[in-house]
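Handing you a structure now.
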Amino acid sequence: MPVTLSLHPRVQLSRERYRGVSQQITVSIIGATGYSGTELLRILVRHPRVALGALVAGNSAGRKICEVVPALWGRLDTVVQAYSPDAVAGSDLAFIALPSGEAMKIVPELLERGVRVIDLGGDFRLAEPGSYREYYGREHTAPELLPAVYGLPELRRDSVRGKQLVANPGCYPTSAILPLAPLLGAGVVERDGIVICSMSGVSGAGRTASQDFSFCEVNESVRAYRVGRHQHIPEIAAALAASAGGDVAMSFTPHLVPITRGIHTTISARLSNGVGAAEIENVLREKYGSEPFVRLTGSVPPEVKNVAGTNRADIGWHADEAGRQVTLLCVIDNLVKGAAGQAVQNMNILFDYEESEGLL
Amino acid sequence: MPVTLSLHPRVQLSRERYRGVSQQITVSIIGATGYSGTELLRILVRHPRVALGALVAGNSAGRKICEVVPALWGRLDTVVQAYSPDAVAGSDLAFIALPSGEAMKIVPELLERGVRVIDLGGDFRLAEPGSYREYYGREHTAPELLPAVYGLPELRRDSVRGKQLVANPGCYPTSAILPLAPLLGAGVVERDGIVICSMSGVSGAGRTASQDFSFCEVNESVRAYRVGRHQHIPEIAAALAASAGGDVAMSFTPHLVPITRGIHTTISARLSNGVGAAEIENVLREKYGSEPFVRLTGSVPPEVKNVAGTNRADIGWHADEAGRQVTLLCVIDNLVKGAAGQAVQNMNILFDYEESEGLL
Amino acid sequence: MPVTLSLHPRVQLSRERYRGVSQQITVSIIGATGYSGTELLRILVRHPRVALGALVAGNSAGRKICEVVPALWGRLDTVVQAYSPDAVAGSDLAFIALPSGEAMKIVPELLERGVRVIDLGGDFRLAEPGSYREYYGREHTAPELLPAVYGLPELRRDSVRGKQLVANPGCYPTSAILPLAPLLGAGVVERDGIVICSMSGVSGAGRTASQDFSFCEVNESVRAYRVGRHQHIPEIAAALAASAGGDVAMSFTPHLVPITRGIHTTISARLSNGVGAAEIENVLREKYGSEPFVRLTGSVPPEVKNVAGTNRADIGWHADEAGRQVTLLCVIDNLVKGAAGQAVQNMNILFDYEESEGLL
Amino acid sequence: MPVTLSLHPRVQLSRERYRGVSQQITVSIIGATGYSGTELLRILVRHPRVALGALVAGNSAGRKICEVVPALWGRLDTVVQAYSPDAVAGSDLAFIALPSGEAMKIVPELLERGVRVIDLGGDFRLAEPGSYREYYGREHTAPELLPAVYGLPELRRDSVRGKQLVANPGCYPTSAILPLAPLLGAGVVERDGIVICSMSGVSGAGRTASQDFSFCEVNESVRAYRVGRHQHIPEIAAALAASAGGDVAMSFTPHLVPITRGIHTTISARLSNGVGAAEIENVLREKYGSEPFVRLTGSVPPEVKNVAGTNRADIGWHADEAGRQVTLLCVIDNLVKGAAGQAVQNMNILFDYEESEGLL
């Protein structure tokens, strides 16, 4: 007998579908104990299509995952493994949630073994090894794979389908590209004079023992960092250029704010000549009106807490028509829509599941 | 075809069970927009047995719930109603999440209409109207219903079965009773000299506009409140006395700490004569060893963040055998195990579902 | 015998000066119990030139100030008064720290009685009653006094000298004008394409019981507000235009972040044609190199916590010379340099004291 | 001409006194860049009697202090030195603010050189080297100096006078001893059954890069630590025993809460036979009624934020006369009254200054 929840018709979670799609997939996580890896586990233990395979984390090998991640007590007691290609080889898919520079070392051998890969790091997002060298500070060891498809589903889902390797977008880029790309594509905003100002919670820095991220150094304070040189700049620029049909001139300034999770991005752009402010809403509604994970809040500024723990991006805006200036506001949870949730969304596309499966 | 997740054997979530139990139940929430009500919604929209009925909140009547509670966007667009017994009468169960004093006005008419009730407030927890008057400051209007069964499943599940009205325990009491009751019952700790010191996040105060709970008044500060007169004192005392087989002498001091959700309770008790410290672990493991929602951390102090968002209580302890003194530590999420999660746990008992259904 | 502290030569605090300047001044505070008023008290009780006169706060009249502001226990037990012009008439100076719209009702009668006034609110900052009406939502009742001198000492101290009425700048404007004004004045940045993005602690909202500023609504979240219509927009624009010698095209977006005090402002501006990035430092050092309350951090991003509790503004910057784009970063404590500290700085100018007196 | 502030008569800060006491003292700080050291600097740069001597910090040697501690910019540009006895030898007094185990290595040579020492660490608080070994985990290298006078001025000022070495009390102990000692001394509370529950901000852990104190690990959480074995236990027990005239039976449980500074301590004690609850107030008022740094709040629970940044301890209480149980509540700023402020208070005693000099 169908078990349906009293849901908004936009999202269907009908259990009959379980009978339609035959097998589950086996999924491994490489980097299972960092903040993104833990978020993946949180989502995947509830995903009806997923059987978890290897959980890999070098510094916890030999321990049960529920000992390392107390939130998983009583739910998962898989023993964490050290990485080896064989440990992962039997999986249909491997998520990689490691510091930049690590994924590129192991992705080739995983692909060779027929394992599909979704990389939550930045190693495969950029097209040019030169860009990668400039912003990440090292030589790319698998440049032949660059770039992998950039897994921003709301804009690229057709490109994601059928791929072996998906580059999961960065958190800041997700929050900046979602509001801007459609407006650039429709010529509603100009390609130059784009100013992006983002504020992120501290989990974006990863599970770290650095003094700079100690409680007393972060609490009751705000600071910008990596001004003008954050590694997300080239991928934002590339995605916006792709939508705009030409290079964009933008600046991006990230800031650390004393919350654990969440990103708030504020964008200033120039309203194109002859375009009315109403076009902003028209374009965004046309693009996102049916998307389960994008909510348009219009003139009501979105709030980080309203998307925390969800795979949703909320977008608001304000236009100064006389001043030909547009302010776009976007909030996401950096660990969900900015990382693990979006990665699972991409997984659902790769394996032809409903895109929102397991994300509610 | 069975769809099973790679779970710890302790918790089974086999979908075959859907075929075994026939109907869903219709559940209403009275007080759907407060913090507890919102938490109930968060859990119930994912509960496979529940069809949501009326969502009642006086101050939001006429608005869609997803407009009032942005976290529910795209998931639930039920229109909020004002309260009337008829609005709720068709439901199998109504949760009441209102300020104290409100539930007692409407529970009788709901019971008359055959609606089962789980009250998240304190109106039906105490046996004596005199106690209620003393601690809640008003006359009880339905004393004939006192007390309802006290819905602490790990200790009272057999009593909850088959009832029409369940008094869901308070948050602080849950965190104090869980560690203490078995030890008192087994005579491991004495009935006197019990000192309970609790720290709670601010959501415990409810959705309020009071100056006292404004950000600047709470942030970077700690304060005790209602010292010696908190309304949870009599229900803690009663539950402990029931387990101990006689009155207990206890003090309880609640404190406000600048987090949104969570409770940490520290208890000092006297180790009974002739009892070794090892008995603490023996008794707790015997009592809770198979419980899905109680995790024993032993000598590792439990942390609020490890239970946040879950229906779990983590309990740790330390014994000074020479000094005949025991320190018990318990953490819960005040909105989940301290309110909505425990209420759903009680619902599962009332309707013979697996007790952990919808709580993972 | 001189009592000197081992200080940086920039700031002299030689006690011999006490013998040089004869009288103290009597200072009243109207709105003594709000966050700005309390900050004024904190500073003034240590100011060697100040004898406190009337402390006025309507809602606490009749109570000792130390009962209303526990931080003043043992230091000040003046009885708070309700407002009347006579209560304040004997003072040399009155600070007004009231919600906007209140100061304009009482400033005329205070000036008539020969009391000098420094208004921490916005009633006298704008030149045009029309602007005031548009942004503050009411008719100005004393337009003949508009505008009062805009008390930003580092830029206007000569204008402040000798005045009877000083409009203390807003917090956000202080943090935006300080870095921008010299660069506009020197033609280093263009007058258009200025994008200002500010993040403020919650004390900027004032002592309020609004639900929007309750702990649970603000904690772990970020949100923009009053986008495109914040009342600080016209005063920022006016100050920048004055420095630039012509109108500026700017946008300003304020955000609320979960800290008690502090403002971080990030500004994007266009580097003028033919101007090298090095000019930014040259101009700022020339302008502020000797200022006791402005610290230039260069390429090191300034942090709110480093100025919290002080009257200092820290300014950092980054230039993309190829992209002709400049990012300016400025942090202040919204209650000190953004309100009370700057007000005392203006008081010191009015009465010919050393400008940093009492501010260390 | 006298320059007096409009102060409560309790505290006199008359400048005439400068002429009375001739010399200043030269003060060095060993461990100048940790949180306690920085707090000492903050206070001492404003102290009229102090000329700062050597600022010693191993890891910042060669850098200007204002570069390491941005709050001191424009106020102090002393170059930090590495430690050597000669660097400090010319000082009248040296404060030591180092991790435990470090002070005992250098105190003997400083005393030999005639430098008085106030140690903010725990090396000289305990009488027995065995106790030190048990709780601090190492052998004491200068046991002949144990114990130094325990510098809790409100209880021991006469003992502090004239000493060469003062052991500044720990933060938690200060907050527990102040309320309890007078009540034990007067026989108002019993010597056994004392339960101390303390909550501390994270700066109490020191300036550290440990993962355990990273923002994401501490934020939105509470945890107990070192349960039953915190190194402050023996010094609390010793101080209470000294006041009580015999050993006490107590437990002490510290907790970490997500604030930067502050301690809230809650104590449960047994009201002695035949003693009325009113005796609590009588004894505390008699003991502390004239003390500038102790405020009695009675039945109003004290709040950490009301003492933050000050050298004050606020004490409240509640008595259950029938239950023969007393709850005491005490708040301090762990870095001020719990460390640097109290150390300066002790310095003032050693050098016969007014005890509150520089602490307002």
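Chains: A, B, C and D, in written order; residue numbering restarts at 1 for each.
In the analysis below, a contact is a pair of C-beta atoms (placed from the backbone, for glycine too) under 8 Å apart; a residue touches a chain by one contact, two chains touch by 3 or more.
Bear in mind the structure is a predicted one, so any value in this text is a computation, not a measurement.
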item: Most distant chain from chain D, judged by the mean position of its C-alpha atoms; value: A
item: Comparison of C-D and A-D (more C-beta pairs in contact); value: C-D
item: Copies chain A and chain B touch via same or different residues, half shared test; value: same
item: Between chain B and chain D, centroid-to-centroid distance (C-alpha), Å; value: 40
item: Distance from chain D to chain C - Cα centre to Cα centre, in angstrom; value: 35
item: Gap in Å, rounded to a whole number, between the CA centres of chain D and chain A; value: 48
item: Shared-contact residues (touching 2 or more other chains) in chain B; value: 217, 219-220, 258-260, 303
item: Chain C-facing residues of chain D, complex; value: 1, 3, 5-8, 10-11, 15, 18-19, 22, 24, 45-52, 66, 70-71, 73-78, 220, 292, 295, 303, 306, 309-310, 312, 314, 360
item: List of chain C residues in touch with chain A within their complex; value: 193, 195, 197, 199, 201, 217, 219-225, 227-228, 249, 251, 253, 255, 257-262, 264, 266, 268, 299, 301-305, 308, 316, 318, 320, 323, 325, 327, 329, 331
item: In the complex with chain C, residue positions of chain B that touch it; value: 35, 202-203, 207-211, 213-220, 258-260
